[in-house]
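The next part holds the structures, each set out as structure tokens.
What follows is chain A paired twice: with chain B in the first complex and chain C in the second.
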Partner chain A sequence: MNLLSIRQFEKETDFTKKNITEKCLNSNIKLTEESNIELQDLLLKIKTEMANFKVSAKSFYSKKLEEIQLKNDSNLNEIINKSFIAIDSHTESLSSLNFKNFQSLTTHDDKQTEKNSDLNSVTNSFDQFFESYQIPFLKKRYLEFEIEKQNLTMKIKKAKRILGPDGSIEPPYEIKSEKLNINNREFNRESKQLRPLCMRIDTIKQANGSAYVELGDLKVVCAVYGPRQSLKPGNSSAGSLNCDFKFAPFSCKKRRPYPKDTQEKEYGLLLNQALVPSLRLDLLPKSVIDIYVQVLEADGMVSSLAAAVTCASLALANAGIEMYDFVSGASAGYVDNSIILDCDLSEEEKINFNGSIFLSYMPASNEVTHIVQWGEVNYANSAKAIEICVDACSQIHSVMSQTLLNSIKD
Partner chain B sequence: ETNLINQASGSCRVLLDQTDILVGIKVEIGQIEPDNVNDEEDETNLEEDDLSRHNNIVSTEDEDVFGERNKGRIVCNIDCSPSVAKFFEFKKIEEICIEYSQYMNRLLNGKQGGIDLQSLCILKNSTCWIIYIDALVLNYGGNLLDAIFVATRGALQNTRIPKCRVEESQGIFDFEIGDEETEIIEGWREMPVCVTVNKIGNSFILDSTPLEDNCSEARLMVSINRKGQICSVQKDGTGAIEPTLLTEMIRSAQTKGKLILNNLDLVLSNEEKRIENLIECVGFC
Partner chain C sequence: MSVQFYSANSIDKSRKIGKVTPGEIITDDQQYMRGHGTYSNEENLVASLGGVIERVNKLISVKPLRARYNGEIGDVIVGRITEVQQKRWKVDLNARQDATLLLSSVNLPGGVQRRKTELDELHMRSFFVEGHLLSAEVQSFFQDGGASLHTRSNKYGKLRNGSLVTVPSALIKRSKSHFITLPCGVDLILGVNGYIWVSKHVENIVNNDPDSLYSNENEVITDETRETIARVSNCIKLLATHDVVITNTMIVYTYDASLQYHPKELLKFDVGEQIIEIAKAQSKELGN
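For the complex of A and B:
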């Protein structure tokens, strides 16, 4: 039962009210049997409809209440209860009263005044009935609820954060004036030492393959779905890889909104390029493999990309997709004139951090599957950095193979 | 050729065999955005097909002790005309554009880009010059990124920013933009040039034609600056490169890059003289 039906009902009852009063006024003093029967029918109709309405209204309003979560609105409960009680009493009174009145009307046809007063009483009782019926009031309340609900949803849709006034500048998150000392890294790490590494596979049961990698505080999770049928029309002689990279909104210092920005799209492309050389996609024609990587805590932008490659490769192996070898990713940073391996966020923020390099490497064929480097550096340092990263990749690779072996043993 | 487009602050056109690139630069005043560490955050909702400009925030931190923001920024965008569509399918074109745009953005918005971003600042913490570099690929004939970088360098040499006077009255800073006076972008000479090295089989080639591009399994984009330093390296393509070959490729790119830079500077100085002497350029005919 909705607003429409309430209105309809109102109309009907109004109509019946009018009808009856009109008939009484317009008709002759004598009410014929037919009209009596009509009246009775009408009254019965009203009664049944009231009963129906009561039941449906109760359920309807209780549902609405649940939706709007205003169950504790005692006022509304009271009102509804009152109205239901009134409805009950009045239906009974109506049926008994009116018939009597009209009977009296038919008998005492000479006494106009009495008739009028009886008529009045009839109409009064009707009015009283409809008042206590409280349809308009309930309808009004219902409308109010709807508006409140809409407002709430609007509020939720709008920005969840409180923005400052126009023209205000966000405060800097940190005063970065420190220089990085390569001999004084956190946890006494050497310049060529990786952060503690932890890997798990099969973390997501619904996916074909999944992996979770922790590199110090950096946390990356990856799920692989496939090979599944490619939705692209036409034949393709080899499968395709679809990489999806996302920083979780809470992962970085500044909140990342849900839509993917260009950096994440670019990282997805880079992931794709890093992983494709290792997979035997020619064995999977007309198929697509979907890789979804999410960074839960980004402790270093470039190292999160490196960890993502490692994680995705592990997940692919867990999914059972044929490949030449794992691809492991490593990153290093250029500080002053030296190279430090695997920088975390605090190190990336330092002033003398000149640039960084990200490298993904496949030890089986001794091939670099992807390299990205930025920062002004001379050729010698660049070559050295590549060497260091390749070594780190080999180390990571051994951990990856160990993880898979352990999982099989279990 | 430079200075072709009057409406742009700077422009340059490069024809590399069949590859035809037109770069237009516009400078606008904008807000200094809050810094993001090594971050390029998008302010607008980008759909997959949207090739319009992305607003990127300066990626490196400034060295001021009090954490003040006093750097302008550069926003690069690469767009392809429909004539490129006969070489690649649509999604591939989009990917290429995003990748190259991001590459340029990352390169030019840092110290390695050479351009002095602090000179672009007008009022600390509030306003700065934003340089919008838009590259249009009119025709594709291989070796896209090299040509784009050459054209960008030419356009930057050509760009004139209106002079800006900062006045202070009662502690409130205000700036006025001059109508006639202009100045050059500081540091444009230090802007690097890119050399694309394609790996085919077990060796590599430079300056590839479209046919050679199709044969190559992996591509390396190396940026070299005037001092011979390597500013950026990025691999592209779905193949893999051995580490020894990788270092060789970077080395050869470095030597070639220096040569290209020297020649380019010669040509650009000739262009300047031509403009001074008001000789007509060939233009688009």
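For the complex of A and C:
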């Protein structure tokens, strides 16, 4: 419901008003018997138009009533009925008036001023008729309704509920219509090929141990503090590990706010589960090791987790914390019915990317410390993916040990 | 999976270049005993640290690149009070755990042999409070590996009139004396845990004055002494950045080389490089 429709109706009424007055004027010029006939025709036309007008007005009113849902408003009904009565009376008076006028006009040509005055009276009566249409009243009533609605919305807003607009559509940020072709990976990578790998240690001077890992465009840095006094009260026979995982605000496509969200907390826990089996925490009672991992460029969510495990393990070795073996992490994705190793962000976002697997492995004892799988996959593919990831982990491990050996100066 | 296999012979030869990473198998010979930084895995002896293999007769251990300070009985340390508990203080030593200083291990004002009363317990805060620096000696260890300290000597106790420098603990070797007086008129306490205290020189006073033991007031320190203390602190920091073992001789050489510069210029990279080179050259000459 809007004011436009009322205005339109007003325009239409104005138009018909003009039409009728014009016709009356025109009819005034010809004062012959033929014109009388014409006049009568005109009057008939006026009558029919009025009748039509009445019908349309009634339909208009009824429509508006439905929209406003004021069907039970007896006042309005009364007014409308009154207006209909007014229309009826006016049509009758008008028809009688016109006929009388123009009859007199045919006899008296000189009384033009009178004619004009009569015409004026006709137009005046029309004006009165249209005024009685109660459009202003309707307008007023509608405005009141609008104000009520606004007040209601204000109340609702104060109650801290956010009402969405009716009929809103979410804008499509990314249209996942592209499919991934395993033979068409970036840089002509094979399906079982890792991205170029680079590692450095001793990057953060103030920490006890630190490491930096690059896997293609993915960049992860890790700092290790400890072992240091645990602030938790009570006796503990073994040390504890405290893992902190964070995506830097500039690392992902959409800015990551400073407080940790659930994904980062989850990755922190996964990191903890992956690293704890490799460390000799029984040698560090009442101590705590703090690991802080930050992803500087996240080119793939699951692969950044895998790189974080590698980075943290290298930083722990740099800090001189005793461990059974390095832990290296690898990830793979399931696309249609095949497996691709080390997916980057563009591959993860494709429409036929069904799931992923993340695995951390200790090559010395041939033990997998942690496995997580997301998505839907059949058993055969899952087993195959584990094998592929384990091979990748062994490759990563050789780079890790080489990096550490290079730092030991003779 | 790369498995590097060291036979018994190769360990002898590779004593200089026996570098290992965690998880690497050192040997499978059963005659060797495992020391620090190793663990046994079925038949093999595996390294658990990244570092250099050290062999003493039949004992194999791995010395890491860097490690937290691991105390030994008789070490002279410099520490900071972190907590005041019932009948004991907790001291931060830059180690895995905080060390403990028992009330019974400190000298109470009014004579060494005084009996401990309940009043002493209530007045612990008048001796040491959180944040105070002290020098002490490691007396023993608790079962969980935490050290127990004592200050039962005139040379130990609360530290005043100086500033603290932190260096990696590996750069300070255990020697005969850790209390050094430099010819420039500055006292040094080289804590084995990596904390070094540089202070104004005080003559050895036989201290019977009860109030002065735990006073919190610094003496008057002249501008010259302050500059000397700052210069020595920066020299020590330079030695630490360049991984040079810190001894009193090295500090003296570095100090002499730095006299031409203003103390704050020593923090610049190129100036530091120059000075260290001079100091090293000098130590080689005089060493030979």
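Following the convention adopted for this analysis, the second predicted complex is superposed on the first by the 234 of 410 C-alpha atoms of A that agree within 3 Å, B and C clash if a C-alpha of one lies under 4 Å from a C-alpha of the other, contacts with A are read in each partner's own complex, and residues count from 1 in each chain.
By our rule, a contact is a pair of C-beta atoms (placed from the backbone, for glycine too) under 8 Å apart; a residue touches a chain by one contact, two chains touch by 3 or more.
Worth saying up front: this structure is predicted, and the values here are computed from it rather than measured.
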item	value
Joint occupancy of chain A by chain B and chain C, clash or fit	fit
Dominant toucher of chain A (residue count), chain B or chain C	B
Contacts of A:M323 with chain B and chain C, given as first, second, both or neither	second
Touched partner set for A:S365, first chain B, second chain C, both or neither	both
Contacts of A:N337 with chain B and chain C, given as first, second, both or neither	neither
Distance of closest approach, chain C and chain B, by C-alpha atoms in Å	15
Footprint overlap on chain A, comparing chain B with chain C	362, 365-366
Chain C residues touching chain A - in the complex, by the definition given at the top	1-2, 16-17, 19, 21-25, 37, 39, 41, 46, 48-52, 64-68, 82, 92, 96-98, 144-146
Touching residues (chain side chain A, partner chain C) in the complex	208-209, 226-229, 235, 280, 284-287, 317-326, 362-366, 394, 397-398, 400-401, 404-405, 407-408, 410
Chain A - residues contacting chain B, complex	169-170, 172, 174-177, 252-254, 256, 259-263, 265-266, 269, 272-273, 276-278, 301-302, 345, 348-349, 351, 354-355, 357, 361-362, 365-379, 382-383, 386-387, 390
Contact footprint of chain A on chain B as seen in their complex	34-42, 45-46, 54, 56, 61, 63-67, 69, 95, 98-99, 101-102, 106-107, 110-112, 125-126, 220, 225, 228-243, 246-247, 250-251, 254
